[in-house]
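Once you scroll down, you'll see the structures, which are given as structure tokens.
In what comes next, chain A is part of two complexes: it sits with chain B in the first one and with chain C in the second one.
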Partner chain A sequence: MAEEITIKVGFGDHFRDLTVRLQDGDIAPWQPDQQLDVVGKRLPRLDAVAKVTGTAKFAQDQNPAGMIHGRILRSPHPNADIRSVDLSAAKAMPGVRAVLTVPEVFEDSSARFAGAEIAAIAADTEQQADAAMRAIQVEYDIKDFCVTIDTSMEDGAPQVGRGDQKNVQRVSPRSRGRRRGGNANPGADQQVLDRMAAREKEVSALLAASDVVVEGTFRTQVQTHAPFETHGAVCSWEDGQLVCWASTQATFGFRGELTSNWGQVKASECRVLSEYVGGGFGSKFSAGREGVIGALLAKEAGVPVKMMLDRSGEQTSAGNRPDALQKMRMGVNKDGVIQALQIRSWGTPGSGTGGAGAHNDGIYKLGEVDKVEYGVRTNCGGARAHRAPGWPQGSFALEQMMDMAAHSLDGIDPIEFRKKNDDHPIRVAEYDIAKERIGWNKARVRGGASNICTGVGIASNLWFSAGGGGASALVRISKDGSVEIRNGAQDIGTGTRTVMGMVAAEELGIPLDMVSTRIGDTNDPQGPMSGGSTTIGTLTPAARLAAHYAKKELLAVVADRKGWDPTDLDIRKARVIRNDGSDTGLSFHDACQLMDDDAIEVLKARPRRNYAGFSDTNAGVQAAEVEVDMETGVVRVKKVVAVADAGKLINPMTAESQVRGGVIQGVSYALTERRIMDRHKGRMLNDDLENYKILGSLDCPEIDVVLVDVYNGKSNTQVMGLGEPPIVATAAAVANAVADAIGTRVFEIPITPKKVLEAIASKKAPDPGGKKKGARL
Partner chain B sequence: MDKKPEEPPEGVSRRHFLKGAGAAAAAVSVAQLPSEVQGSNGTEDEPTILGPGPVPIQLRINGVDGQTEAAPSTTLLDLLRDHQGLTGAKRVCDRGSCGACTVLLDGRTVDSCSMLAIDAVGSEITTVEGIGTPENLSDLQQAFIEKDALQCGFCTPGMVVSCTALLKENPSPDREQIRRGISGNICRCGTYQNIIEAVEHVSRKGGK
Partner chain C sequence: MKPFKVAIPKSVEQASRFQKSDDSPFIAGGTDLLARIKEYVVQPETIVDLKRIEGMTGITSTDDGIRIGALTTMNEVATDGSVTDDYPALSETIMNAATPQIRNMATIGGNICQKPRCWYLRHEGYSCAKNGGSGCWAREGENEFHAIFDNQVCAVTSPSNVAPVLVAYSALIEIQGGEEKREIPAEDFFITPDQDPGREVLLEPGEVVISIHLPAKNRTKKWSYTEAREKQSFDWAQASVTMLYDRGGRKGDHRVVLGAVSPAPLRRDDLEKILKSGSLDDAMIKKLQMKIGDGSHPLSQNGYKVPMLRGLIAQGVRNISGRKEG
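On to the complex of A and B.
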């Protein structure tokens, strides 16, 4: 019984009609002329009180009776095979209650980075566990290693992997006939190679025919996620059921790994609890070895085990944003239209298998693109999804190419150039907001007595985050007037809990403080992982539907008792009203009292598919203003304007926080963060928070967030996520601003004073070919 | 260690205590200790070897005196979290780099991960739990909530403690002073600007 409706989609003064066929009992999205009482309001987070008073209990804060402490022994060698692990002495140490070895549990006898797990111990105290770790005897077969892309790509470089795994492997276009992380089947791959050759020829011809060609080589560094709460869990076996208080961004995924027949734990029942999670940024999708180890140690010890990583383990083994080396050539015609782009890029998944790609051709109309990308194995901790995986590194390169191309065409302003090559329906309106608020046209400071030069730069975001199927919510309205909404997914700091509660409150017609929310418990209805910025896009339509049908049931009770027409009733501001807006004299509470049963409970799943909507993607534009000290090379980001959209905004305050957070991580990525590997020992030198530099309050710019509210019509809440998009453009905007300030370009992040001074010093050197005389970079 | 320590005055000050401990040199053999942490066989003449086993440690936390048994090597952070159930202060870097474990010692901020619990004997310790409770929030905590000065919330207790100390020292700090005041606290989620706004809000209203 699909119902067809016509809705308005769009934003600002860009609205149009769209006909939508509602599916699976879905309801119409909120419309622009509709008065909303809760949605769209700046409301404090529901868990804020617990967080500011220190009463919020994270996984790290759990302390079940009898709990002991787990520790993981890690390889000091970057590339070794484990010959043997002798635990006998360690087992005899005081307080030790459980031990295991990685070769036995994970059937993996290779340590391919310094920090790889070797064995684990649980003891009564952390000190006892540490002491026992020192008594573990490991024999290694030590091999040569590579810890940088450059060394790994050299001819005759030591092999990072095992078997016939090559160090350098093409990841895009995809090889044919590749199996289990191995190399391509040469025969089946030939077709791909032929197509690549044809593409290269075609794009080379287009480049040759373009009026101007610009080229550049860009490097980005490895960034670690460094969530404040480390990975891990407190694991406890209670009557055969495994209970894990886990620091995870995927409660259900965590449970799945521990109950799967393919896993190492194979718990018949498992409950994962994650009411509060101290950050994740993409690194906490899997239970990880630490999760498995915690569960197994707890089983052997017969008491709960706290198995949280220490900071060093976190920094070395729990994921990172891979580095990238990107070479680009862009052909542009005098009219400012991009003709073609050639990209060769390399990134390292570390000793892992995937995720090393850079999204460097996803924004703008780039003409014909010839892109070939390679993954380069290194003996370093494996890469993981990291807030907009691949995008900030891709944007850093592409956006600088955009500026270089604009500057090579006399008189084209970088923003006008972008507009010419951009057809995103939302972004086209966002450029001017960013331009005005950053003061794009105001005069730049150029040295003088203070040696300070200022500059501004611009870059764009793109994201795909309307969510999808896979979430249900349970709404319970009790006779005493209390309302509860439950979903088992987690809130990693993004505000998911609050947004879920707000959507339910809006639909039920009651204020937010009348709704209690329960999250982070796999005994509750299925919820999404916090990934791809799809969490609330996936979750809120289910929350709204459950609330809608619960309200309907309540109103049916009222209509039945009072002899009213149920279709004439609604609830608004906690009052039962008629369709004409008149009050029935009943409050929400009165209505609940009319129930025969103790409670109304409605469990609803959201439709699996989204509607066509206004736009499949979020856009966004960021502009940065920097000050560079020409004498010292120190860059200070003064201000970032972040224009962001995320479909319909449920809570502009938490949305703004997401954007600010993304920008700060982006500035941190642009200026200070970097994993440093010791080339001689192959170890991470800054596996801490002292030398791994995260941007602090003194270096944090002023961030001006402008949110664009978009009725995108993709679901009944029209929500898009916002965790990832705001980090995409920041480093690129900063880099463009630095180039504007110093009159030459830094092609590598982090933009350290040394690199700035080198760039200034080399400015006097003759221009490399391809650029016109007098053109700025 | 043959140097006879001075007579400890009533309620040994931390400074005096540290002086004594310095004279004893070795990390776990502490020459001069306040009576609360002296081993049972401790006398004034003989230096007392503490540990490695648990010793009684008497601390004043959030205005309440209490006694705990813990190894003398226990950090103040671990004592608060593991022995007192005060899990507001967090262990994040465990070496004084991030401020997530910040507590007040006689009104001044310290990284509780980087000091021993026995070094806090005789001092007034205030943790985030002592600054305000869900039923009785401090003005600053209220402002944190209103300005959304928290995301994942893991750095938040440390931030609340640092900002409380800052406002006590300087009730009307300017932006630069606030930035400086929280520069020992890192936030991975990026809440700095909201925190600055929260502190400004309190200072404008003359609260604490």
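On to the complex of A and C.
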């Protein structure tokens, strides 16, 4: 059955042959010499006009007849146990139709951050719901709290968790036999501790033997996701069926939580709709408490309930990127080869410990690595996956270490130093593109008459996401010549809908505007969650297969009715053609008219496994140019060159958008965003979008996106993900550029005017490199 | 938000009558008050909408300068020819503030009467000297953006970008309560918590700012407005320096007013005196920089504002010495 073929994989001047054993029914990837009509073209996203004119309906915009409004009461205390919740006064308030308490529904009586859910209510109007929510009486046992990583790590700090949970817990290397959420099994842990000790000894010896050792301590902050559209859903029970219009990154995951985890309803009786999503960035994979609450309130009220979070609830309870405290020691030999790296990192993902790690040990050849990571519990809202979870933190520290090492090796250029320690087949070519386009070697301004200093910095990234199994697509060609492709997954703003349509159009041989695309509905074929940058890598091979076999069926009808050889027929530019390229005289529309049936319907699943391909990872390099006002400490990022690759590019325009978004969010992370917790009451003080500072339009740099098209051969569309990789390197590149500009380093983001002024003031002596053109710290 | 009534007076006299107490605040553009109502920071029974009162918008020339109606939007002020010609620092500071959307809604009267942006003051559940309680959460708390001058009672900063510029131009704030009218110099209009922790401006209940009078005498100065902040789009100044430089030089009547570093715009006559002492050179900059932190009491997280002010005043001097007379 399995057909063996030879394909070309690679990019630019770097192609090689690869033999691939096609899995059952799969088709060959597009080849570099193949003429494509739709794929690879810059096409505006299909929903662009709907979005900018406001006709696109997000979950927040759904207002089904009879709908009422839900509200969640949140704990004002950062660390408390709920003694009782008295709903009687609230129930008696005007308009109230449904109430619930969190201790009853979720069997959780602890409030371990200010903002934790306590109770919920639904009432006819928003004002009634607000008033009733404020009438709920709660008795708390209030405990001492820690809201920063430093206070939680102090001896004698108040306990954040419950039971025997310690504030600081090792999360990597993991101990076998560790109970979920609890502490390690002492016996099994000893083996891990022994291995860690041996590793530490080995790496310490390598560091001692290295020609140069550089050390640094780095801090990154908590970053909230802050999507425009908050979390939540509009939930409605109709004849025993639950319909949720959800703001989600996983329509099927949202349904799964309501059905499997909470057992409210069978999957066959639950429909999740999400045609448009106002951003997620990793925080919207599950229904969340707000989704479950919405469904329960709607059931009790007997009418649809809109249960969307307000901005404060969003900022405090709907996830964040944990902070990180990283200490590193790197040993390098005079030839520029890294020998060893020791890393100790701490991060706080709120009252749990999951997701505390800072990732950085796959980008370069780092020699022997001794890395231990700790999760630190704090009485703050819990972490959720945030665009490349762990990677921007790890990159921020590692890339500065790379520059510091290059500097200590007496003038090795930071890019040359990276190349020396990097063997990624794609990235090696990308350095030169970034170097040329940022103007790496041009003279930079160093004080003098001006208060402005400029600098450049570089950093790298990688990602690993060709998608996987779990997606099917339905292609329907109707007798009237209309075509639709359906998949139930969501488009969180990345252009998934457009790209799915383009792949189908290419395969069917018709233009994109002849294909109707239907997404975001769990009544349609299953599709992936939008996580790990896997959406189109997972989805498009299914779309292409369904289109391919639908076209085959159509051509079989044509061949049968016309008495032609079906293997001599194809469709291109909406015409039925022969293999020699000649036109049969039949249009796509005419061909459809030949059907006996109303439609051809093909449902195809994607192969579960990917092929070996050219590279398991995508690469990427970013270079930043900054201007620093040495007198006020204000940093402006003038330009970011973002060289990115994502396998075969289906739509360079939507791909570029992804890269731009990653860079903007990365600059925002580098310069302005941070969560501010009050030491007095343990609350988030900037739980809004005024004091939680997200980069504005005037702050955005010029972004020069360079896309490298890679035929990686991993699937029939060869797509790799691009949502996450572009944010990994940005803050690191900016930090390196700031160090280049000011002659000293800011070891902590966000790099605010305050920190720049403090760094300049603590600079002991004038930077000797300042006199040399292009010298760097 | 809690439901409230809206009173719509047709005259200032009526507005004064409608405002019986702090429970019925005035609203103009609404860019400050509505946000505080939505967050339950204030829960008024009634708000008094000034927008229907006639004669309070627009900019008119007077015998002695210009008069800006209090309901004139920030954008209208910033783009008015008489402002850009004769009071360019005012135009400059407005164009730095907020966003185009807010500048189109917010009024200049509302801007100078807005409540401070202190995150404790704007959070339900923190009672302090400013809202009927006592003490200041910021002094021993999260105070990165708070005041370094006059911060012993309360560490808010004056939120108005416009206020220090009005002080520099010797503006007069015209106020009416009932049928009584009075004019207060801007320098006296903005008050500090040690004068009265409950108020930021010298308005008695029922009093409305009806116009701002900018006298002619300051309009031919060399000027500079410099500020620093983390974001260029929609952010609050961390520090600002407004300077007017009289062509009279040594005998001149100069102005140096600091913004965003104290609860009220901070006029610095000690720095103005230094400006009289010589030419605008590096030595002058050094002298100003040495002096500008005098009297400050930085808190745990805002000591950076002193070097930031040093940077801004250096840039101010360079702006003035490199600029033709306005």
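The criterion applied here is as follows: the second predicted complex is superposed on the first by the 755 of 777 C-alpha atoms of A that agree within 3 Å, B and C clash if a C-alpha of one lies under 4 Å from a C-alpha of the other, contacts with A are read in each partner's own complex, and residues count from 1 in each chain.
The criterion applied here is as follows: a residue touches a chain if its C-beta (ideal position, glycine included) is under 8 Å from a C-beta of that chain, and two chains touch if they have at least 3 such contacts.
From a predicted model like this one, the values you see are computed outputs, not experimental measurements.
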First (chain B), second (chain C), both or neither touched by A:N63: first
First, second, both or neither for A:S697, with chain B first and chain C second: both
First (chain B), second (chain C), both or neither touched by A:T494: first
First (chain B), second (chain C), both or neither touched by A:N686: second
Touched partner set for A:A504, first chain B, second chain C, both or neither: neither
Comparing the two partners chain B and chain C, which touches a greater set of residues in chain A: B
Touching partner for A:T752 - first (chain B), second (chain C), both, neither: second
Partner chain(s) touched by A:Q127 [first = chain B, second = chain C, both, neither]: both
Which of chain B and chain C A:T53 touches, first, second, both or neither: first
Residues on chain A lying within both footprints (that of chain B and that of chain C): 127, 690, 695-698
Partner chain B, residues of chain A touching it in the complex: 44-45, 47-58, 60-61, 63, 127, 226-229, 276-279, 281, 310-311, 492-495, 653-654, 656-658, 660-665, 688-690, 694-698, 700, 702-703
For the chain C and chain A complex, residues of the former touching the latter: 1-3, 117, 119-120, 123, 125-126, 137, 140-142, 144, 228-235, 238-239, 301-302, 304, 307-308, 310-312, 314-315
Residues of chain A defined as touching chain C within the complex: 76, 127, 130-131, 451, 629-634, 636, 671-672, 676-681, 683, 685-686, 690-691, 693, 695-699, 750, 752-754, 757-758, 761
Complex interface listing, chain B residues touching chain A: 71, 73, 81-82, 85-95, 97-98, 100, 127-129, 131-134, 137, 141, 144-146, 148, 150-157, 160, 178-180, 182-183, 185-196
